[in-house]
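These are the structures in question, set out in turn.
One chain, chain A, links the two complexes that follow: it is found with chain B in the first and with chain C in the second.
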Partner chain A sequence: MNTEANRYLDDAGFFIEYLKRKVFPTSSCRSTTMPLKLFQADAYVPYLYRDLMPWIKSEVNLSNDTLETIKTCLEEIFHNIEYHSGIKTGCTLSQHFPKENRISIAISDFGIGIPTRVRTKMPNLTDAEAIRQACKEGFTKKSNVLNRGAGLPNLIRYVTQRNSGTVLIHSGEGYLSASRGPASSNVTSRQMPWAYPGTIVNVLLRTDTLERLESDIQQEEFTW
Partner chain B sequence: MFLLCLIFFRDRVVVELPFKFNFSTMRNFIAGAVEAQRESGAREIYFDFSTLGFVRPEGIVVLSNTIEHFKQANVKVFFRAAI
Partner chain C sequence: MVTIRIVDYVKQASTYDDGQVIFDLIANDVSNDFPVEVSFAGIQAVPSAFVNAAFLQLLEITSVEKIRSNLKITHSTKFINELIKRRFDFVTRAAPDF
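What follows is the complex of A and B.
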C-alpha cells in the first residue's frame, strides 16, 4: 500500500472531514495546500475572501490587482454553484505546485449540472453542446439576472489568454477543456460516454505568468 | 492505466480507488462507484484506499463529491485500509 497518497489525503483534511480524526498522528496541513473544504453554496464568500485568496496571496508574490482578477474569476465558479446547481453544498481543494509553477484549484458540486440548467433555455442541446453554450459570450448575462461573477467566458478568457492556464469542466456527460490559443481561447467540448454526478471545474493557474494579468488589465484601461 | 476492481455483494459495492487519481482517471472511479451502486441498488459502498498510489487535488474533490452524492442518496459510505 502506498502510504504517501493516503498521507496527502490526511494532510489535506480529507479524513478529518469524514472520519473526524487524523489517520496519521503526524499529519498536518502543508503550506502549499488549501485543505478540503465543504462549503454552503450561499456562504462561499467568507471562504473565498478570507481563506482561499489570502492563501494564494501567501503562496505567490502578486499584486492586489492581479489577486482581484483571480478572485473575480473564482467567484464565478462559486456563484454558479449557488445559483445553478440546485444543491446547497460544494467542495473544493487547492494545491500549489512550486516546481511546476502551477496552482490547481478544484471545485465541485453534485447538483443538476450545467447541461440541465442550459436546457431550460435551449432544450435540444446535448450535454457537450450545452456546456459549450454556457461558455459563450452573452449566454450567462441573458440567463441570469443575479449574476455576480464575471461569467464563464470571462473566466476562460482570463485564465487561458492572460495567464496561459487551463480550465477543465466536466458536467453530466459534457466535458470542456480550454487552453491558450493564438488569438482566442482554444475551447473544445466533447460528449462523454459517462456522466459526472454534478459539475467539477479544475482551474490550473500558472504562477510564472500571473503578473501578466495585471499588466494586461492596465494596458486595457489605458487603451480604453 | 489502472485497474479498478469492483466487488459486488448482495447489499454492498466495494470500489478500489485508482492507483493514479486525477481528472483523466476519474471516469472509471465514477462508473465503478456511482453507476455500480445505481445498478445494484446497494445501500452500502466501501472505498478501498489500499490501491491508491497518487492523488491530485481534483481526485480528492471528486472523491468528496462522490461521498456527498451517496450521503444525499442515503447510501452508507465506509473506508477500507486508509492506513
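What follows is the complex of A and C.
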C-alpha cells in the first residue's frame, strides 16, 4: 500500500484501532473526520447517539431534531449488521467534505455478506442480483426473521429522494449504487472483479439539503 | 380507549426489541376489538425494525381491517406516518391473504 494511503489510514485512526499505535509520528485526526471506530452490533446506540450524530450536527450546524430522520436511516444499517450479518462487530468511519457539501458515512462488517444471505432463499442469483434483491421492499410473516426486507429500501428511499444523497453498497462481488431518480431511486448493481469480505454501506449525504428534512419531523395527523 | 405513550415504555423507539414491547402491550386489545391509542409524543422518527415489530406483526394475529379500526396512531410525524402506511400498503398488496 502506498504511503499516501497509509497516511490517510493513520490520520483516520486505523492503526491506532488495530495496532494500538500510530505509524507516522505526525499523524492526527483531521478536523473534518470522525475517526475509525469498531463497535458491537447490538450496542451501537451509544456511538450513534453520543458520538456520530453530535459530530454531524456540529459539522453542518443544524439541530438534533432536524437530523433525527438521518439518525433513523443510519440505524437501518446498524440493524442490518445486528440482525443479518451473523457477526457481532462492525466498523465505521465518517468524513465531511465541506467544499463539496458532502458527508460520507461508511459502515462495514465482515459478516456473511448480503449475497450469501439472499441466496439462502434465492440460490441462483449472482452477487449483483442478490444485492439488488435485498434492496427491494419485502416482508415475511415469520417474526423471528427480524425486519427482513425493509431496512435497506427505507434507507435508500429516504437518502436519495429526500436528501438527494447517494447510497453505495459493496458485498461479495456485488456493488450497488443508488441515487435520486425522478419518481423513485435510480438503482444500479453490477459484478465487481474483486469481493468485499462482508458488507460495506457508504452513505453520501448532501449537507446543503439537510435543512429541508425538518419538514419530515413536523407532527401530522395519522389516517389509515 | 387505552393510551400507550411509547416513551413511557422504551428508552428509545429504535430496535425490533423496542417494537416488541409495544406489540406486547397492544396486541391483545387490537385483536379483541378494543381500541388502542399509541402516542409517539416526543419521538420524531423510528426505523423500520420498530414499526415491523410493533405494528406489522399484528398482521400475524389479526386482520388488517381490525388493525385499521382499532389502532389509533397519535402525535406522530410525517416521517413516521409515511413509514407505517408504506409498510402496511406494501404488505397488504404483496400478501392480500392477510
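Throughout what follows, the second predicted complex is superposed on the first by the 187 of 224 C-alpha atoms of A that agree within 3 Å, B and C clash if a C-alpha of one lies under 4 Å from a C-alpha of the other, contacts with A are read in each partner's own complex, and residues count from 1 in each chain.
Basically, contacts are C-beta pairs under 8 Å (C-beta built on N, C-alpha and C of every residue); 3 or more make two chains touch, one makes a residue touch a chain.
What you see is a predicted model; the values in this text were computed from it and never measured.
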First, second, both or neither for A:G151, with chain B first and chain C second: second
Partner chain in contact with A:H79 - chain B first, chain C second, else both or neither: second
First, second, both or neither for A:T32, with chain B first and chain C second: neither
Contacts of A:S63 with chain B and chain C, given as first, second, both or neither: neither
Partner chain(s) touched by A:D109 [first = chain B, second = chain C, both, neither]: first
Which of chain B and chain C A:C91 touches, first, second, both or neither: first
Touched partner set for A:T126, first chain B, second chain C, both or neither: neither
First, second, both or neither for A:V45, with chain B first and chain C second: second
Where chain A meets both chain C and chain B, residue numbers: none
Of chain C, residues touching chain A in the complex: 12, 14-16, 44-49, 51-53, 56-57, 59-60, 68, 72-81, 83-85, 87-88, 90-91, 94-95
Touching residues on chain A, where the partner in the complex is chain B: 1-3, 5-6, 8-9, 12, 14-15, 17-19, 23-24, 36, 38, 89, 91-95, 104-110, 168, 170, 192, 194-198, 200, 202
Interface residues, chain A side, partner chain C - complex: 45, 49, 65, 68-69, 71-73, 75-76, 79, 82-83, 137-139, 141, 143, 146-147, 150-151, 154, 215-220, 222, 224
Contacting residues of chain B [partner chain A, same complex]: 21, 23, 26-27, 30-31, 34-35, 49-58, 60-69, 72, 77, 79, 81-83
